Amino acid sequence: MSTYGHLFRVTTYGESHCASVGAIIDGCPPGLTLSPEDIQVQLDRRRPGQSNLTTPRNEKDRVHLQSGLEHDVTLGTPIALLVKNEDQRPHDYSETDLYPRPSHADYTYLEKYGIKASSGGGRSSARETVSRVAAGAIAEKYLKTAFGVEVVAFVSSVGKISIPSSIPSPSADDDNDDAIEDALSEEFRKLLATVTREQVDQHQTRCPHPETAERMTKRIIRAKEASDSIGGIVTCVIRNVPSGLGEPCFDKFEATLAHAMLSIPATKAFEIGSGFRGTQVPGSKHNDAFVVREDGKLGTKTNWSGGVQGGITNGEDIYFRIGFKSPATISQAQATAQYDGTPGSLAARGRHDPCVVPRAVPIVEAMASLVVMDQLLLQNARRTAASLLPPITTLPPTMVMPGAKAVP
Amino acid sequence: MSTYGHLFRVTTYGESHCASVGAIIDGCPPGLTLSPEDIQVQLDRRRPGQSNLTTPRNEKDRVHLQSGLEHDVTLGTPIALLVKNEDQRPHDYSETDLYPRPSHADYTYLEKYGIKASSGGGRSSARETVSRVAAGAIAEKYLKTAFGVEVVAFVSSVGKISIPSSIPSPSADDDNDDAIEDALSEEFRKLLATVTREQVDQHQTRCPHPETAERMTKRIIRAKEASDSIGGIVTCVIRNVPSGLGEPCFDKFEATLAHAMLSIPATKAFEIGSGFRGTQVPGSKHNDAFVVREDGKLGTKTNWSGGVQGGITNGEDIYFRIGFKSPATISQAQATAQYDGTPGSLAARGRHDPCVVPRAVPIVEAMASLVVMDQLLLQNARRTAASLLPPITTLPPTMVMPGAKAVP
Amino acid sequence: MSTYGHLFRVTTYGESHCASVGAIIDGCPPGLTLSPEDIQVQLDRRRPGQSNLTTPRNEKDRVHLQSGLEHDVTLGTPIALLVKNEDQRPHDYSETDLYPRPSHADYTYLEKYGIKASSGGGRSSARETVSRVAAGAIAEKYLKTAFGVEVVAFVSSVGKISIPSSIPSPSADDDNDDAIEDALSEEFRKLLATVTREQVDQHQTRCPHPETAERMTKRIIRAKEASDSIGGIVTCVIRNVPSGLGEPCFDKFEATLAHAMLSIPATKAFEIGSGFRGTQVPGSKHNDAFVVREDGKLGTKTNWSGGVQGGITNGEDIYFRIGFKSPATISQAQATAQYDGTPGSLAARGRHDPCVVPRAVPIVEAMASLVVMDQLLLQNARRTAASLLPPITTLPPTMVMPGAKAVP
Amino acid sequence: MSTYGHLFRVTTYGESHCASVGAIIDGCPPGLTLSPEDIQVQLDRRRPGQSNLTTPRNEKDRVHLQSGLEHDVTLGTPIALLVKNEDQRPHDYSETDLYPRPSHADYTYLEKYGIKASSGGGRSSARETVSRVAAGAIAEKYLKTAFGVEVVAFVSSVGKISIPSSIPSPSADDDNDDAIEDALSEEFRKLLATVTREQVDQHQTRCPHPETAERMTKRIIRAKEASDSIGGIVTCVIRNVPSGLGEPCFDKFEATLAHAMLSIPATKAFEIGSGFRGTQVPGSKHNDAFVVREDGKLGTKTNWSGGVQGGITNGEDIYFRIGFKSPATISQAQATAQYDGTPGSLAARGRHDPCVVPRAVPIVEAMASLVVMDQLLLQNARRTAASLLPPITTLPPTMVMPGAKAVP
């Protein structure tokens, strides 16, 4: 399906060589001030050709709003938007088309549809993410306006180069149960709490840790010079998310977040909070004890849960990591087979991104915004309905605790 | 929402102390031979009290089928099933109820609903997974009957104890690009290709690697003796899945798989194929070259993609890992705050599972089966529709390649 | 699909001869006081055997709540309920099984599934409506508690016997444009505005117009004595529905209402407000002029729209009519063909309802409640989201009119 | 929601004065030959200004395909299309904007959203139906190509002028049980079986009965000259629909059909088969006896069911009627109140359609095609899944009858 969300619904379309890519956003609250520039700024961050580390193609990618607004205010009706494709002709045939590209979607699209776009993997193209970024920017504008929500993603790893202590993942086998404190240093936790998009954009790798950013650049250049590619990890933090979001059972907050992130092309892994490393830490150290926050509300002393407990947000920062594999398109020759089984050798034509994670940053932010927005609307529906009922006076204190918030 | 799936739809209900837990499975194909025993066998694997490593409570958990079958054959209509709760009385109040349990869902349920079940986190209880296991067993029965699909999960890590070479995750920073070959040893790849449930169940830890299983047992006993808990990792492989499953864009196969897995209580992390470690390996080594398989169809030489390319299955084995945090319920006292903010100390009453991953194995298998089943029905809808159209004769060879399958 | 609704989601199961029929209601607001008796009262109205006009079978139909409540208060989690079937054995084979029953679902179920329940039409059985009535009673309890919504259905026609002036349907061809005023008399409009369930239940036909009720009884007895059956029309009014419900475009309020009503077995027709007769009245007479109501809000002078304009409720009473065909099951012999084409004669065994519309009354009320409830939750989601935005000050008066309500 | 369908999913956007109206069609089978002309032909039939009976505005309404095709063949990916609005400026303010137009959506949109488009009822505008017609044309192309499905709608009534015997609706109260045979004359049944779009388009009223068409024209002109409007009825027949379509319980075929039809602006009533009049006919006369058809398959002798039994299609022609109210926009002055309650008088500016039913014909055909297409894909999913199971040999003959089709 090409639709994301239950109440804030984003439906996208478009391949690499058709007339345009775009989306219909259905369910945006009415009365939101929204200009094309709110969207364009994130499209520009996604666009190729922003630095010498990425592909030199320069897509203009101007957003054209079609409906759902008047005088830069949303009407509550569907917002349609599109971005024209520069090259709208079907791809010309060449000898390389005899081969399904390894680790691409050429083969699987053909298996699925019995036909494929001339350009290959069709909707699996990175071009499709234009629509997500545009839709996410609208959700983000609402969340920022109504709740002050902040969504900031950044590159935390390229290949084996990582921001120090950014990886809460399993370490070597030993009897030291303190793994988690080692893994998320005080410095990194501070970064999560304060990092801004301005800081992220100060370096073309979108890594806000300057020394690491320098090393990442060298690693990417090494891949480029070898006609090869390299993957990486994007870390994202969402701040000021209201508590109570996420649906019990199948649509837990982290489940929908994982779904959204793994739907981005080239992703292979997701972890929230302590992630894989959290599996190594005993409950006594991993549990997040409750404390009273400055605003008088309950908060947690640590946040290994990553802002989600029992699948529902608790008001703490939500942070998570997404692994992007190395790009499949490389210029060096690869031994592989043709569609008909004939063995041969394939080398990609043209120039290609040796590393996509810097450009993935706004895509991750967009998908994160869509997840929060949809879950917020779902919770609004219930919260408002409950608030219209008379107060409950007959329940034992185990069910509505003294000091706990009443039906909101 | 308490419903999973688009066409094979599972809706579940039930908390810890209500009359029963259960599910309605809507969309099961008609004509499937299905007996209660097909379901009970997996419920028994999920049940607590199977060994001295898990909680000594013994829930009987007999499945009662309500509808959708006659003479052990499915009718195509909704299958309802339920499992009675042994203890159906609301939880009695005690002093511990003054505290939201750390890293539990007591607090977030109250934030979400303004009310909570007397037993605490309501639907976040592990009791809810009974319904999933039952529903998954039905999906699995179909998949096995129609396609010979095999779903096998097992425990690959407990704390820092892991089956050798089972972790395709980031290693230390260095210039060695061969990380991936190190990570997934030939031995482990063979295990993925051949492991059976019988092998998995030979050890109470559900780890099919005997030496590792012994070490895991000791680790769990250590946690138990310390009134503490420990997490772990479940690895799952799905064999014989047809190619072509998975929807482009938002419902890629791995995205729905991640969604399903992260909806299991206590999960924090997911990776498919090469996962996080795949981010460290250059494209030239990570790409899965095409080769002709024994059956004459195209396959891939390696399988770092984990059976999915561009979000669509390619016919290779699908394998993935899920991280489960250490259980939050521990008997030792924890410093934390009451609902009203009063600081104090909380220790769980009763006896608790120090490690849940062995019992998580059938739950992972169930959710995996639901994902494949739903994606299969979605693809059936399209495949059949396309097959009823006349052959296309006007397309250039770039779109329907020589040697590629025609519209199925 | 066996699920109704987007946010107040009802999933049902069960055939005539399985263990039970039942439903899971997902999305009920937390904090609603709800007892089994709230549900039972409507189940008893649906039950056969209430009078000598309906079938003498006496199904006990006690509702058993399984989950989602404690101490008679909803938790916000799924509410499961079931009603046991008295006769749980598969139907015994007999010679009549060689025939697909005319205008029944035997044939179409077999065409759809390739298999059918031994009892015949499976889920098309009236038995399935038990679950709807139970679920609808829960929705109704919420709507009544939070908004004072009143849902009252009654029998307005049996065969050609109708409450005077109750039929806003096309009359003979002439030049008199005043058809609509003729059709809905002042007396009938008053009935719509005031009728109660107590009044409806005073007569076994559930027709609140005594003289008409008497004539209906005779008509039903005539059908019974002829081993035949007769259809009828149910009229329903919903009062105190908030304005603003209904989704533009595909999910207009009346569209979802029609969907819900035509999903009831044996229905063939639906009209809202002026209905078919409204097609005959010029716009100048059909338009509902605006006036100021007693509460100071705008209302309409007439209500030919039936409480819905542009697909969205306007706060006026919603009224509509549903046509039920004559029951297909009759005791007299019918000439028809067997499954294999052999011509023959079929007469139904046992005793059957000659007219189902009196029992359809609580089913219509249930479905009406489900429609309002689901649309209300959808609107809550948007309304709350909009209310959290800062006031709009930049719009021209054409978009937020003086005197019009601001963003709610 | 602005999305129709589960598997053939149509999402639309656009108001009267925005940049464009359009749709994304997700789920179209791959390999369908489709040209813009296939769509344009129906858009032209919907377009205003086709005759002196409709509004003289001439919208060009050229469709622009954006994605999902190459070389006029569908790829299986989303098809986006748009039609530019001629007048893209927000509506200018005038004194008439002080009034909510009677029986329009101005008031209800403001109640729903707290804001409205300057042009008034936003998405309730007839302009929105452009997208439906375009999407329906794609569905129809598939259905015609794969199954020879024919969808033909026509105007059967304007005001009180009707094609003879076209109205199967309740007549006066009497003891004659033969109402149904009177109502649907042999001539009208023949019309349903054979009518073509060419015949329908031979008259500007789109009534294929010449004498009636003449009388309709006069009635419309009378309304026009009186600065008034008049409603009407559209009858539609769908031929060659496969049996087995429609989902038991909530998504019965006729329920989804009613939903689709009542979502068209200005509709107030729906009936299928014998409709309201069927409520007056005893079961013994209303039941459709089975007979062997020429192709050897079972069919029904009569077809009062309208091609649907138990909510599932039986292979007979599907026919139904939709009532459209008289247009709310009229040039004569109407006494009504302003938004702030001030009483006054409102007359519409410009020129308006006195009768919309001729232009509603392609809209009805489009929605009918969408219903069949979506239900077909749903059934494909199940049918294919069932066909992959081994044959059932253990069931009693009551469940898989001799002579009945086996699992397809």
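For clarity, chains are labelled A, B, C and D in written order, and residue numbers in each chain start from 1.
We adopt the following convention: a residue touches a chain if its C-beta (ideal position, glycine included) is under 8 Å from a C-beta of that chain, and two chains touch if they have at least 3 such contacts.
Because the structure is predicted, anything quoted here is derived from the model rather than measured.
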Comparing residue numbers, which of B-D, A-D or B-C shares more than half of the contact pairs of A-C? B-D
Looking only at C-beta pairs in contact, point me to the busier pair out of B-D and C-D. C-D
Between subunit A and subunit D, what distance separates the C-alpha centroids? Give it in angstrom. 41
Using Cα averages as centroids, what's the distance between subunit C and subunit D in whole Å? 23
When the centre of a chain is set as the mean of its C-alpha atoms, what distance in Å lies between subunit B and subunit D? 44
Residues of subunit B that touch at least two other chains are 1-3, 6, 12, 27, 30-31, 70-71, 73, 76-77, 90, 112-118, 122-123, 248, 382, 386, 392, 395-396, 399, 407
Touching residues (chain side subunit D, partner subunit A) in the complex: 1-3, 9, 11-15, 17-22, 24, 26-27, 30-31, 64-71, 73, 75-80, 82, 90, 112-118, 122-123
Subunit D to subunit B touching residues, read off their complex: 6-7, 27, 29-33, 70-73, 76-77, 142, 145-147, 248, 376-378, 380-386, 388-390, 392, 394-396, 399, 407
